[in-house]
């Protein structure tokens, strides 16, 4: 440090420095430490509330997440849904387009699936019905994603606030549809769609109705990974995200790339809506997205868009969420405990990136 | 006539919580921090106020409304402060991405509110059973005499003190931003932290102070909802999307708290107008409820076409600042 | 005696790593005078002044202000010594008024009394003859008005010593006259002023004395009344240094690029290129000289299809004899590439335009050619081989081909960029400041590459700042001054003084 910059003698000074690079193992050690620390804090919070032995609590979490076959499948289902949304956000974020409208895109995709299930699925053979559901949900997601993209590309309208507002417009559209599709009358819910015919429901494959979702998510994840890393489109959007000047220099049409990328991002988020509605709940409500559109943003961001890291973070978060839902029932708490746990985990994971990017040295300044 | 009066009263009732949130968010955004955790902080503020009042009423033999009110306000402010502290520590000190931290905070805060709200409901004997009527009575107290005046009294004096506080706070914030030295410095920090820094303004201090103050103001919105609107009880997710409406109102108000006063009235009115439009089906009513958001989007598009630089979001909104080492 | 000297710098040295920015500089500023500091780009003028305004701290030497040895550790210390600096890049908040900007950061009562502030500002502006409306918002101001705000800001804080860094670079001649009148009036009121510049005519017009820096070294100080443009130019540029660059005679020279009456305005609406006309030939190197910011960047970008052109033509001659002409002024960079015109461009902003910092060398190799391969997917084999070749041929020091280019040193970044651009066997090669930040060996490697391209029949255009290099490397030199072509000279016969004079617009005035 500059030897002239002192005023008083003998102070303790924390010097902060951006790291040039960090070894992968060291970075993961920091993240691992953050996870451990967050688990510790969660344990303290849980003990403070339940006054139970922490080991028992964590055993409860593990059993809640993977304790039975059914629970394993639910955990898997929730993981893949979170994963596909995060995967869908990657192209937009790589382009530095803050799509926080995944909630709305999921809802619209879910609404499109529900519409196909209600109006058409009974008349179509199942494979065709499923294809129509997938296509319709993608189209609805595209619509919801491309509107803010258009205004971003042509008027430079702030996309963070725009996509955020689109979420609530979508919520009201769902409320509107619930009124139309209400079943039974007066329940203010859509109820389980096609509960008798199971038309448009994802079929059981390999003994589980969630298997198809898993396959779709794996496929989409692989395709998006290829798209991002090997296709010309993926290359273009990465250049646009880095610098529009460089993009122009490279002869890239920036507006076109913004629109195209948000179409893709919206389509995948819409598809997630189909997975939730046709693949799991078989109904639609305003909580169909359930905040996963927001959680996925954090997943994608923390993973630095690396698919393997996204899988890991998704598994971790869903594991803890499902586990805390279990301990909530076990200890007579309400299910919102899992949001608190998730929040604490996220704060630690977000915060630890600072220590990955910066080096702190503490020293005493001489007189 | 009576219909119009109740309409306005109800619009105000809807608008107050949003106004608190918007005023708090404007102060925060003026420092360059886009705090998407405001909806979560409002939940935290609301539930903390309720908890404070609940435990006070439970422990005191004859609860005093004023004491309950003060305790609940104090709890509300402290808890919102905690929410703001999480946000500022992560974004300002640890330089994390503002959107990511904000959304995580909203997840956390909403869960925090529903968890404790739900838990004490259960302690009190079941959903909707919790009630802190004594404390709430202090929040709901009207000015005697004045509220009895026909029309004028009903329109202007039919509210608890938090309603007036929300308006006064918005005016104070506008005064602060436009007429005081610290306000000028805060605006500079939000517009260009580098310029502010070179002018000798302590950027992190302003960012912390504005965001924490903004969080506490927003927390009062949650308290208003729980105490005055609901009358001292809790319903899970009852606060709904009002937190996001507050974020939307910031745009409608063009980052001026004084504008947010009438803006909150507009939002409040748009929020309930479906009840007063005759002949709407339930489905059409739901479509009506998206009006506040659609209006916000339209305003956002129009301001982005750059009519006046003063009406733009603070120039450094969403970006973290740190002085490059030389 | 030192009573009349408000600032004395003794043997001040400042290093940035290996680079010595100021080497043993001595300087005095007398009370009530205007001192010009003259020097080419990179001669260390701004660094020296930044040490007076508390931005840098000298490694060696002493600074005396008002007759006392001082340590200036921060801009605040400089304020306390009544030193105020007006930087080239204004530090103003657009949405605030002039008055609000002027008092920004000052302590005082909580409640703002703008009336009092306005009165005080009006006193100052009246005293020195500024033209300023304190209630006007910055965003609605012209550059010269913004500069006025910056000067008043410094005066408002009670500065008695003013340092202006290239104040006229952004002003029109009329605005410059106005500024000079204000400076004179300030001097007559007892203020001491330092003005950093490289415009000779202005030096002669405004200053009482001139101190000259060259390549970080202090050359000397003369009284302006005894100086001439020629004597100052000689002090500024020094004697010609002959460089060992292997310059061949142009062969097969034919017209390749012709620019006719080109006019360009930048995003802020300034007229940055005015009526530019010239021809660049295949088989020769055309140097483009000028003080930085006189239109060089815009000229190359206009040819490369990256600027909106207001009027004029840019023509590309495919072959001289059958006269196939492409109109580049109607094309974007993508169009030019799609037409198969091999036009290569090494922009000034290497990591902001030429390369993507976060991508590795391979990915950066395909920025301009990724679309050439067929199909949906990028072909990384060719760029990978190219990356390996560039790294090998140009001795790029890198841990691997997968290292993000941001992590490479400046010289290696430039080699990657130049290597990519010459790999396509360009018909036109434009380079801007190709050796900025490079060491001697890397610089020579780049010069040789440019000469190789010239011999291979490319039309090479090179924007440079070191006149010695341009005179030894190029065949002809086009000089830009204030967005106009102030002359085109033969690099083999021209002298450094001649070019220097053209750069400073000297010919226009003499």
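Going in written order, the chains are labelled A, B and C, and every chain counts its residues from 1.
Criterion: a residue touches a chain if its C-beta (ideal position, glycine included) is under 8 Å from a C-beta of that chain, and two chains touch if they have at least 3 such contacts.
Bear in mind that the values here come from a model prediction, so they are computed numbers and not experimental data.
Peer 1: Based on mean C-alpha positions, I'd like to know which chain lies farthest from subunit B.
Peer 2: C
Peer 1: If I average the C-alpha coordinates per chain and also across every protein chain shown, which chain's average lies closest to the global one?
Peer 2: A
Peer 1: Centroid from C-alpha atoms only, then distance subunit A to subunit B, rounded to Å. What do you get?
Peer 2: It comes to 27 Å between the two C-alpha centres.
Peer 1: Between subunit A and subunit C, what distance separates the C-alpha centroids? Give it in angstrom.
Peer 2: The mean C-alpha positions of subunit A and subunit C differ by 46 Å.
Peer 1: Mind listing the subunit A positions that touch subunit C in their complex?
Peer 2: It is residues 2, 4-5, 20-21, 230-236, 238-239, 242-243, 245-246, 248-253 of subunit A that touch subunit C.
Peer 1: Mind listing the subunit A positions that touch subunit B in their complex?
Peer 2: Residues of subunit A touching subunit B: 17, 98, 100, 151, 155-158, 160-162, 164-169, 171-173, 175-176, 178-180, 291, 294-295, 297-298, 301-302, 332-334, 336-340, 342-344, 346-347, 350-351, 353-354, 357-358.
Peer 1: State the interface residues of subunit B toward subunit A in the complex, per the touch definition above.
Peer 2: That would be residues 34, 36, 86, 89-90, 94-97, 99-101, 103-112, 114-115, 118-119, 122, 236, 241, 244-245, 247-248, 251, 281-284, 286-287, 289-290, 293-294, 296-297, 300-301, 304-305, 313, 318, 325 of subunit B.
Peer 1: Please name which positions on subunit C make contact with subunit B in the complex.
Peer 2: Going by the criterion above, the answer is residues 55-56, 75-76, 91-96, 100, 103-106, 108-112, 137, 139.
Peer 1: Would you mind writing out the residues of subunit B in touch with subunit C in their complex?
Peer 2: Where subunit B meets subunit C, its residues are 179-185, 187-188, 191-192, 194-196, 198-201, 309-310, 312, 315, 326.
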